[in-house]
Amino acid sequence: AGHSGFTNAPEGDTVTLGFNVPQSGPYADEGADELRAFELAVEHLNGGGDGGMMNTFSSKALKGTGILGKKVEYVTGDTQTKSDAARASAKSMIEKDGAVMISGGSSSGVAVAVQALCQEAGVIFMAGLTHSNDTTGKDKKANGFRHFFNSYMSGAALAPVLKNAYGTDRKTYHLTADYNWGYTTEEAVRSSTEAMGWETVAAVKTPLTQTDFSSYIAPVLQSGADTLVLNHYGGNMVNSLTNAVQFGLRDKQVNGKDFQIIVPLYSRLMAKGAGANVKGIFGSANWHWSLTDEGSKAFVKSFGTKYGFPPSQAAHTCYVQTMLYADAVERAGSFAPCAVVEALEGFEFDGMGNGPTLYRAEDHQCFKDVLVMKGKENPTSEFDLLEIVEVTPAAQVTYDPNHPQVAGGNLGTCNNGA
Amino acid sequence: MDAILLQILNGLDKGSAYALIALGLTLIFGTLGVVNFAHGALFMIGAFCAVTVSRILTVSRTIIDDTQKDFLGNPLKVEVPYVHDWFGQATGDVIIDWAVPLSIFFAIPVMICVGVIMERGLIKHFYHRPHADQILVTFGLAIVLQEIIKFYYGANPIPTPAPSAFTGSFDFGAMFGFEPNTIIYPYWRLVYFAFAAVIIGAVFAFLQFTTFGMVVRAGMADRETVGLLGINIDKRFTIMFGLAAAVAGLAGVMYTPINSPNYHMGMDFLVLSFVVVVVGGMGSLPGAVLAGFLLGILESFASMRQVIEIIPGINQVIIYLVAIIILLTRPRGLMGRKGVMEE
Amino acid sequence: MGILDVKNVNKRFGGLQALGDVNLNVAENSVHAIIGPNGAGKSTLLNCLVGKLIPDTGSVMFDGQSVLGRKPFEINQMGISRVFQTPEIFGDLSVLENMMIPCFAKRDGAFELNAISSVGSQTDIVERAEQMLEEMNMADKRHMHAAALSRGDKRRLEIGMCLSQEPRLLLLDEPTAGMARADTNNTIDLLKQIKEERDITIAIIEHDMHVVFSLAERITVLAQGTPLVEDTPENIKGHPKVREAYLGESA
Amino acid sequence: MLGLQKKDASLLLLVFALTMLAPFILNPFPEGSGWAQFNAGYPDLMQRFVIFGIFAIGFNILFGLTGYLSFGHAAFLGVGSYSAVWMFKLLSMNVIPAIALAVITSGLFALLIGFISLRRSGIYFSILTLAFAQMSFALAYSVLTPITGGETGLQLALDDPRILDSISAAAGGNIPVPSLFGIEMRDSSEWSVGSWVFTFNNGYYFAAFIMLCSFYLSIRIFRSPFGLMLRAVKSNQQRLNYTGLNTRPYTLAAFVISGMYAGLAGGLMAAMDPLAGAERMFWTASGEVVLMTILGGVGTLIGPVLGAGMIKYMENILSKINSDILHTWFAFLPDGLEDFIVTIIYPFIGKGWHLTLGLLFMMVVIFLPGGLVEGGQKIAKLFKRGKKDDDGAKAADATTPAE
Amino acid sequence: MNAKSEFSKGANAASTAPAFLSVWDMHSYYGESYIVQGISFNVHEGEILALLGRNGAGKTSTLRSIARLGDPQVTHGEIWLDHQPLHNMKSYEASIAGLGLVPEDRRIIPGLTVEENLKLAQIAPPIGWSLERLYDLFPRLGERRTQEGITLSGGEQQMLAIARALARDIKVLLLDEPYEGLAPVIVDEIEKTLKIIKEQGMTTVIVEQNAVRALELADRAVILDTGGIVFDGLASEVLENEELRAEYLAI
């Protein structure tokens, strides 16, 4: 409340952040993990715990005394992974609880919807897990920032690894979730694999609500393809991968080669859902707890000590986003969204887990190293399902802001709101 | 040709899942006339019976392995299932491997209990209440059951694989002289198909060759009069409910290796199973089964690449489109009886 | 030429010939009774007149127009009203509302989107319905739910609803079954009075001979789907075949 | 008053008073107190209350009066929203044309679907409507992405044409907001009294005004000959047919009217928050309005509004209570006890809000058959008992459906 | 029955009475409306009792209360049949105890054929007449055994309802307007049947609007008016008592 030139200017000695995560629906576990990370971040910002990545972060603006000396408080809400519900929840945080920043979410639909809302309302949106190109592509907004990588980067990072592992002569078959994220991911993977000589035999769209993919999987072998790309996420991915393995695709030989399956976007929770089926399958990820840089180690340590298991990449993103926001406010010396935007645009930093990182001013997309993962053959625990096979350097996944895959849209100007 | 054969096979197996779920629903909804939105939850609980059994079988003691490190760099804790201690490593592994089929024996009594408790404790009071009230109470129940499962098992899918003897697939094509790899079919799905056939047959036999079915139908049409004839209809309704819950639960148990169970899988199937039951025709068991298979096969055809290329999006809507066409051409679905839930 | 002219109507249910070559001519402004053993096809015949069933063959003319192929509501709008064998009323509505509905149908036709004015403001309809309830001796029950009426009362209500439409042809399927003697007599009087006051034709199915003989001007006896005889009440009473097949010793 | 019976008029007055004073009534707890969590008097939620109220009122005209249970009404809401957003994109940010188009398109859509679905009754009708709505959802989410925005929803963009607004379009790289001839929907004024803060939001009052009009209209419909015929349809279609009334146009009219109410709600939703997502058409959304109506009381005038309020309140308030907040509430207790109580309550709030919702549904049907309205009546009766109620009032009850 | 506890435990006049079926101080409600207002009467073994009264007098409600149908709800009173306390039973238990009711709107079960309707009555013990014997009595039913019960004509349905009651071995038969809708010959037929089964020792309670016929058949009569008993005595007394007939039966 109050009119200090921008929406929800913090008045007393506290500042409120809004953490909007899926608490019900299929992504509830992911949401719960995000929430843990947020809580941890708040603890660290307020000077509790071991400080986590605050110690490894290249910017030293944060002191563990809250943000600009104000104690950090937070409110939580349920996105239900529906854009309407997510916006309702975010609105209540803005209108009722006076949040100056909203973060979280685990799908691009939600991220885009909430980002637009924050732009209108004049608060900052620090996107959680969202992988579609659109979030910082045609739907980008000045008040929104994304730390997570995107479809384009997945394609760019995967291609060289696939080339090494499977050669340059492959026939691929794409199964694609029939909505925006699926489209951008298919496009990214196709263009990068086709660029190295692979041929795309077919691309079939599958309904979001599909649970049994047998009728999509079964014809794959007939088509003469020797590689299957599952542009699926969440429950879709768990089911389609399980089905594909069930059909014995991985035991087959086509065109004289072993049949292979690729999952462009991996997450540990999904890997857990798919169980042994992920073994040996390539995919990409934003971050993984087994990274050994100082930042990652610090984060895994404080998270693991507090909760007893390693954080997911969604948790990592949410933690980092909170830290980055707090740091930007400190550096800007103001909570005003436009000041924060200015501080974050073009900001370069390190120590947050993915090596040197840039928040690009043109589209508010983060550029950093991308991980290529593979399902582990002999996991030692239920968290140890994936292993890093390659850390693709940021330069290799950086693209031009006008690249056709992300073109369109208009960042607009920052909005301070009331 | 082989593509079509393949989709028929796929359809049969999708259809057997639909038919099995619809069969349980039609016992309660088509026959007892209770709009049971909790049916999906019963299916889900069945699936979680399998999860529970495999959890029970893998109850473990923890030993510390100093040679390995966990993610925080501490010595790794390794879990050793008690069955290994009791039956030796090899036998223990086989038992764990066969968790899903074993859970059938666990699921039957559990599901019957769930069904009976649900009927005695709740549904009983709703037979004579408006359908609207039934919807609200069963929907509420479904949410509650779902949330309880979520509370204990989380929201993430839990992999529950079939015994390793059934992993992999079977090359049908090669058997019938097609090219190898053109018609492949996972073993477990064959098992599922056979299992569905057995259950469906058993339920039919039970309702067809005993007067039970007639009494229940009569009781649904007019409880009061059936009571006047000295029949304790409440008891039979309870049995019916237990039976329906068991069928739903078994469908769930056997489905777990096909798709990893999660707490909302019931809701995902709920709408579809209502559509199947109604398309089959209210009050008709064979109708529900037929509709299950029909929709399964048509859905498989609609998901063929060649078909989608001609009519984009057809795979998204096929089930509903077919349902509309059938309901418009046949007033009471495929084999519906007159007067059941028509007003 | 009568107002209702049924020619060669046949209706089969599977193997059962429910109506076989039925011919029936009802003169305008008369009371015509149809009697016959149970299962003779009397109700089936009425069903064919109001559009509930479509005869396999034959024609049904009402006032020179064919009834066949029309929907029940169209037939009703032509001027045919029917009382059913088991009372058909609006159980969830009050007795008064039950009575108002046919009044609306009479005034506004088959469909009228009158969604703004209140029912209470339709004073002509309310008055008409109240008056009809008075006539049916049910005014004291006007606010009851129709479903809570006793069976005899339901039947009286239904008759009242049909009468309120001032149909040209009123079809009554056992209107006084289950009605107390006093009310049966009232109903007979009411029907007589209505017949005198208005130009209405009545076709009535009854097993209560007291009602039949006090009202009917002509009687058709139906047996096994075909008309056995058609004659005046006096002759029917004495008809040996009718006595044997239908009336029994008590007549 | 306004051509209503005394009882209806007082109900309308009551609803008027409640909606106008909502910012006070819904904010009973002072800011900063532990109970402030339960305040619902912020613009978005208040808007939602009235908008879903409209949706449920309209649904009740179909379901409550005719007994036809549509399981696809969310499709009309969705179509309304899409139309409104397109209007914002193409024509103007003024809400009037957007809402008008929303009502018209949803009406047409309802006419089409109703015309086909009403060929069947009972459960067959329900499944037909469900099938149409699910098809709409599936297509909107995928194939129709160019029109609907697909997964991310249909949104405004800076470079939308907005033909009528082009001159006055807000400069400075921000998308203009929906307004009523210059009155911005999202603008609010605040009034602080002591530690209470009351928010008066333009959008809310606009939506509330429309809700009152819709409510008034629905009272008129309930009390009209048309409403009587619809109730007769529910009671005995056969009798109605043999009484010379054609039931089809009646049910179709009811279907279209309720579809237009849904479209109006959808349009208003877009006017309050210019984004339209396909999930709005998913079956759970249709199911939600069914639940709202039943929860409040089928066939009663005010019930659906209460039901809508109840569900939206749970969704928006309960889901936001996290364990942190719980701890602050019970901080006064000794530590062990505090933890114990928090552990007990925790599964029912925050991410467990669905559990509470499910339990609420069950409690209401079990203990208040007839919904919340029935509960209200029971309480009212308790108070009346002392006053010795007269039989006259009871008799009058029978002629009009309960409130 | 939540009212069970309210039944008086100690001194019960009924249990000591020699009557076969006895109803003692029975009160029943439909929701809040008080319908059966404390009635007591006895039926002796082997006799036929006529229960008479105007529409809405509460006859059906009385029979339903005795048959333990839940609606109306008996809140107070005792019902004994052959030394068995019916008031503690549910309707199916009452039926097993030997109570048979032919309900007033026949209640043929939809979806079942004629034969299934009869077979249904023979599932729970004790079983009465065999199907053959029933078809002998009602040949029309035999001819239509595979037809769906509710498509029968009104009269045929009535036959089926009576046959269904006889298909069970009952001690007392409660008939709610059994003659309604039946052709006079059939009424004669049924009357004869009732006499036959009376000779075989059946105890019968008959509710009928055709009071004269019922009184001629019955040994004793009870007249109800607005939920209370206004006469209890010999049937012949009613036939002779002009005043009574005029006031309560309008005959």
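By written order: A, B, C, D and E. Residues from 1 in each chain.
The rule is simple: a contact is a pair of C-beta atoms (placed from the backbone, for glycine too) under 8 Å apart; a residue touches a chain by one contact, two chains touch by 3 or more.
Remember, it's a predicted structure, so these values are computed and weren't measured experimentally.
Trainee: Specify the chain most distant from chain B by Cα centroid.
Mentor: That would be chain C.
Trainee: Farthest chain from chain E, comparing Cα centres?
Mentor: A
Trainee: Please report how many Å separate the Cα centroid of chain A from that of chain D, as a whole number.
Mentor: 34
Trainee: Report, in whole Å, the distance between the mean C-alpha point of chain C and the mean C-alpha point of chain D.
Mentor: Distance between chain centres: 46 Å.
Trainee: If I count partner chains per residue in chain A, which residues reach a count of at least 2?
Mentor: 24, 28, 32, 178, 205, 207, 209
Trainee: If a residue has to touch 2 or more other chains to count, which residues of chain D qualify?
Mentor: Residues 138, 141-143, 354 of chain D touch two or more partner chains.
Trainee: Two-or-more-chain contact residues of chain E, please, as numbers and ranges.
Mentor: none
Trainee: When you check every pair of chains, which ones turn out to touch?
Mentor: A-B, A-D, B-D, B-E, C-D, C-E
Trainee: Considering only the defined contacts, which chain A positions touch chain D in the complex?
Mentor: Those residues of chain A that touch chain D are 1, 23-24, 28, 31-32, 35, 74-78, 82-85, 87-89, 91-92, 95-96, 107-109, 112-113, 116-117, 119-121, 132, 134, 139, 142, 178-181, 183, 205, 207-209, 409-413, 415.
Trainee: Which positions of chain C touch chain E when the two form their complex?
Mentor: Its residues touching chain E are 13, 16, 35-44, 85-86, 148-153, 156, 174, 177-185, 207-209, 245-251.
Trainee: What residues of chain A sit close enough to touch chain B in their complex?
Mentor: 24-30, 32, 178, 202, 204-207, 209, 211-212, 214-216, 218-219, 221-223, 235, 238-239, 242-243, 245-248, 251-252, 254, 269, 272-277, 289-290, 300-301, 304-305, 309-310, 380-381, 383-384
Trainee: Per the contact definition, I'd like the list of chain B residues that touch chain E in the complex.
Mentor: Per the touch definition, chain B meets chain E at residues 211, 214-215, 217-218, 221-222, 224-233, 283, 337-340.
Trainee: Write out the stretch or stretches of chain E touching chain C in their complex.
Mentor: 30, 33, 53-57, 60, 104-105, 140, 147, 151-156, 158-159, 177, 180-188, 209-211, 213, 249-251
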